[in-house]
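Okay, handing you the structure first.
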Amino acid sequence: MSKHHVSTVINGEPIEFLCETQQTLLDVLRDELGFTGSKEGCGSGDCGACSVMVDDRLVCSCLVLGAEVDGCRVETIEGVAAGGNLHPLQQVFLNEAALQCGICTPGIIVAAKALLEKNPDPNEEEIRFWLAGNLCRCTGYDKIVKAVQQAAAIMRS
Amino acid sequence: MLTYNKPTTVDEAVALLKQPGTRRRVLAGGTDLLVQLRSGRLQAEGIVDIKRIPELQNIREENGGFRIGAAVAGAALGENAALRRMWPGVVEGANLIGSTQIQGRASLGGNLCNGSPAADGVPALIAAGVRCTIAGPGGRREVPVESVVVGPGKTSLAEGEFLVDFYLPAQAAKGGDAYLRFIPRTEMDIAVVGAAVNLVLDASGVCTAARVSLGAVAPRALLVEAAGKALVGTRVDDAALDAMAAAARAACAPINDKRGTIEFRTHVAGVLAKRAAKIALERARSRA
Amino acid sequence: MIPPPPGTGGGFPRHAMATVILQPAFARRLTGGVTNLDIDATDYQALVEQLDEQFPGFAEAVASHVAVAIDGQIYPNPLLEPIGPTSEVFFLPALEGG
Amino acid sequence: MGNEGNKFKWVGTRQVRPDGVDKVTGQATYGADFTLPGMITGKVLRSPHAHARIRSIDTSAAAALPGVRAIVTAADFPDLPSEVVAGGEAPVNYRHVSCNTIARDKVLYEGHAVAAVAATSTAIADEALALIKVDYEVLPHVIDVADAMRDDAPVLHDDLITSGVDPAPKKASNIASRTEFVLGDVAKGFGEAEVVIERKYTTQPVHQGYIEPHAVVASVAADGMATIWCSSQGQFMVREFCAKLLKLDDASIRVIPAEIGGGFGGKTTVYLEPLALVLSRKSGRPVRMVMTREEVFRASGPTSGGVLHVKLGAKHDGTLVAADIELAYQAGAFPGSPAIPGCMTAFACYDVPNARAVGYDVVSNRPKCAAYRAPGAPLSAFAVESAMDELALQLKMDPIELRLKNAAKEGTRALYGPKMPTIGFVETLEAAKAHPHYSAPLKPNQGRGVASGFWFNIGGQSSAAVHVNEDGTAVVVSGNPDIGGSRASMALMAAEVLGIDYNKVKPIVADTASVGYSFLTGGSRVTFATGKAVVDAANDVVSQLRARAAKLWKCDVEEVVWKDGVAYPAQGQTDTRTQLSLAEIAASAARTGGPISGKACINAGGAGPGFGTHICDVEVDPETGRSSVIRYTVVQDVGRAIHPSYCEGQLQGGAVQGIGWALNEEYLYDDKGRLLNPGFLDYRMPVASDMPMIDTVMVEVPNPTHPFGVRGVGEVPIVPPLAAVANAVARAADVRVNDLPISPPRLLSAILHK
């Protein structure tokens, strides 16, 4: 079976991989490249646990074919912490207990980071609607929304 | 085995799509296609990714209106201030498709050609009088957007044809449009009812033209001419809005399904048409 | 260091007798319908032994499918939990949770 | 609430959870994240029919497919007797568990597993499934609980004779059991009643909705020793169920807990684990199985839906004199709905002298129900608390006043028998009444609902060990998966007892070979029961530390006291020259007798009951029937908040799950008994933009049986919301919907036809 040869840059690092057409970017990240921080909660774009950035756009990696990212930049949760230093969002999520089981957390942090890069001072409604595609069944969202607000404040100052 | 091609020109894409015997599917944002392929609802032997064709990816002003590539992602539409100013309803519809993540991928072309009666992007395009460019083995043709979908999952596109772009005409000096949809939650649902209104006022504030389109209340998105007529010649007062809503309800031919009942869809279609018309009216009035 | 919680150790001086109360359905099956019984026992095991003498099969019936409430506190699998002279003992369906 | 007025140094403070960094960086390993060399993929063939007899299964074509390494059917599993035996803490019928894991003779719901394949790739496994030929004799099916109870209903189990009815019925039915609880004289009670409210309520089954699908990796060595990596609410539960289903020794199975991506009760049983184990045994390769979301909905357990009839009798002054509830809960394909706790919890909030509860456990052609937060309680609370609201309206009484007038207190006799121990229900009502939310003004089309709820909380068996390291730091070992911050709670309690810095205490969740038996993470038991074990183990360490100090000081251990992590001579505690810190004693451990390590294995009784009262504001759009929750406050007696932030998280998460249950979540079936909405698109769980902030008030009435006063907190918050929302909608829309969910079409129809 002939596979597609894909050259991409993941979290700043040039990476090449082979994949079949039906393999999604999420399949490739998790099964071929070992980036298991992106989670598969639904496989249909309804839960956001697989959120990644492709060429600066927030997408569900379960709805992107691996073959599609040839020549693209991909950023995953594994690239959010710069070296050993946690991103302000990650630190605030810890301080404010904005996670319980933690399975949705990588996708939410990737999505929230994308929001704050677009809008450094979002109000509660903007945060809630931006994150509407990231399901969390544990927290009721309260501490997540507050954590994003607090991280935004820290990042502004 | 499933093939994958990423043509860079329309002709290349047509050449791939017209090859007899191989069932190839057009991939734009993929937010419907990939889900349907995975669930087995759709079969395909090949995927033709049209996102690498420049003209399918850009938005440009043309004769006072806009030409929008079929594969432009919802997020990109939302970021175009000039488009938002002229056709806020069209952009509202496009931006209501799915989550932020879906917006990063989903296109108006895909939303239309997926053929769902509930497509959020479509009613506002119909109300705006949009025309579509379709390319195929026989060259290019232009058709009104409401003629593309013929039934659930079915389009009028012939073998080897695909959608290239949409042309949004210039909005009238005192024209305004709006789209509203009803879903049980605030996000992430398929429209149970959608209503788009595009109306034009004269200098005295009388409605001179109006197009009303409904989604999810029939096998395909409807252009409800009677509803538009009910507004023309009026100041879009309550009486006119009631008449328009009644016409909208009369045009509904919905089904009971997991998303809504006939009673609910018919009633709410009138409610949303009215609310959308009021927003469109405000937008028309506010234009200098 | 943290002191052990109260009421977890030791027996009680004997004056009166503990009361065992059964739900009617349970009583119909095990005690011929008697729902209130006075038992003189200092711990749960002794209490069940006495009940089993009076109503053969009782011990087996409460061996695994039940929790026991002694003076309002529920014990999933009691054995030597102390029974006071004025204690109330109830047999309940075993409880789980999410 | 922080730890103001907190007499503890660590307990009650908001520390960063020890497992947090891995979870915010994507490093934490959940069920599907684990891989082994040579690992292959397992997939399950599921029934397309709601009810059918399996005439034959032909796997030959699939077996011949290159890349297929093993195929299993029920024939590969022991044919267990149908008997209820003692499980971890509650009775289990292992035949039912086995038949639910892989169908034997009959499929009882769409999605029921009939075979499983292990292959070298997912694509090959899928291809193989398509090649398995199953010859079904399709049988008539029944979905809804009321239909399943009819005499002419298709019977799922030919041997199911209703228990709890005498004389016992002669013929099989779908009614597995009838349970009755009686207190006082109900007829007499209603005779004295001056106001009577009598209503019927229905609720739909709802899924726990954890975001992580079930996932497992199993590897069986040539000697039969099995190792299982999986996310579950109990590694010991997985071991026990696999051992019983496959007739293996517990000792031949080692279960290593992965991080768990949500459970809420839904991961208190097995689905894939026994299949993966047998596939690995047959193929000689490690096998990974991961459910798709669609499989999670079609084949894993929701909680029951039910039909409930409630009757309340009261005096004009609001005093309850009689209460009656008859409920039928659907169990899914096998008996075991939470009808009994539904009965026991129904009136537990109130002091009712005459009460009766009758519960029916009913099977139908749906996935077997599983535990879900306070199993059974939300349904009966929805019915009772809705009726209480109507009673308050009829008596023109404030709904909190009505509840205060009848509130259960210490010593109140519960319908299920015992008198209530120390509880804090009245305190939650007082706090709710005093909360600014309760007196805030409402706009048109807005309504405010109040409801209360109860859960027993459970204790049970837990083990823990505390190892003191050579440098004076410590490791806390326990056997309960951390589903929402329990590692932090364990470390806080250990640090408090040892008197050392929280950050010097590192907790781990150990596998079944590394710590003593511990019952599930569930029933709101971990911080209570496992916490108690950790405290005992830490106290064990403290007595060892005192003994070591005594050795060094050549005195009796009684002459050594332990305070804030330091040993002092009993007399002259100011004499700092003769103090020994934990670190100093640890450093001298080798000289004083070797390593210092404490352990505790307990069966915790006396879990303190939990009560909560919720206030909900909704705004109704009368033209569309949409209800929006615009403000929500949770008040709950938590006994003692060990980690206040994670307590609040439980209150908020439980409330939002309850709101989803009330407004949108439901299973939709076609006329063939096939599920129409097996995905997050049309199974509508609340999204971030649906919710307001969830305000919390934690009342602390310490549980006397726990050293820190802990009560379980996880279950209670899902009990009140169904009625809190329904009562708010009823007051906002001026029409009451007694059937959940109160979805827009249902509410609009009620509004249009009122």
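For clarity, chains are labelled A, B, C and D in written order, and residue numbers in each chain start from 1.
Heads up, the rule we're going with is that a residue touches a chain if its C-beta (ideal position, glycine included) is under 8 Å from a C-beta of that chain, and two chains touch if they have at least 3 such contacts.
Owing to the predicted nature of the structure, the values given are computational and were not obtained by experimental measurement.
More inter-chain C-beta contacts link the pair A-D than the other of A-D and A-B. Between the CA-based centres of chain C and chain D the separation comes to 27 Å, rounded to the whole angstrom. Each chain gets a centre from the mean of its Cα atoms; for chain A and chain C, those two points are 55 Å apart. Contact with two or more other chains is made by residues 39, 186-188 of chain B. Residue positions 208, 263-264, 680-681, 686-687, 689 of chain D each touch two or more of the other chains. Among the residues of chain C, none is found touching two or more other chains.
Across the whole structure, chains are in contact as follows: A-B, A-D, B-D, C-D. Chain contact summary for the complex, chain D toward chain C: residues 84-86, 89-91, 164, 166, 179-182, 208, 263-266, 268, 340-341, 344, 371-375, 416-421, 455-461, 496-497, 520, 522-525, 535, 539, 542-543, 562, 603, 605-607, 704-708, 712, 714-715. Contacts from chain C toward chain D in the complex involve residues 1-8, 21, 23-25, 28-29, 63-65, 69, 71-78, 81, 88, 90, 92-98.
On the chain A side of its complex with chain D, the touching residues are 22, 30, 35-44, 46-47, 49, 76-78, 80-81, 86, 89-90, 93-97, 99-106, 109, 124-125, 127-129, 131-146. Against chain D, in their complex, chain B makes its touches with residues 39, 182, 184-190, 192, 258-261, 263-264, 267-268, 271.
Those residues of chain D that touch chain B in the complex are listed here as 294, 623-626, 628, 663-664, 668, 676-677, 680-682, 684, 686-687, 689-690, 743-745, 748-749, 752.
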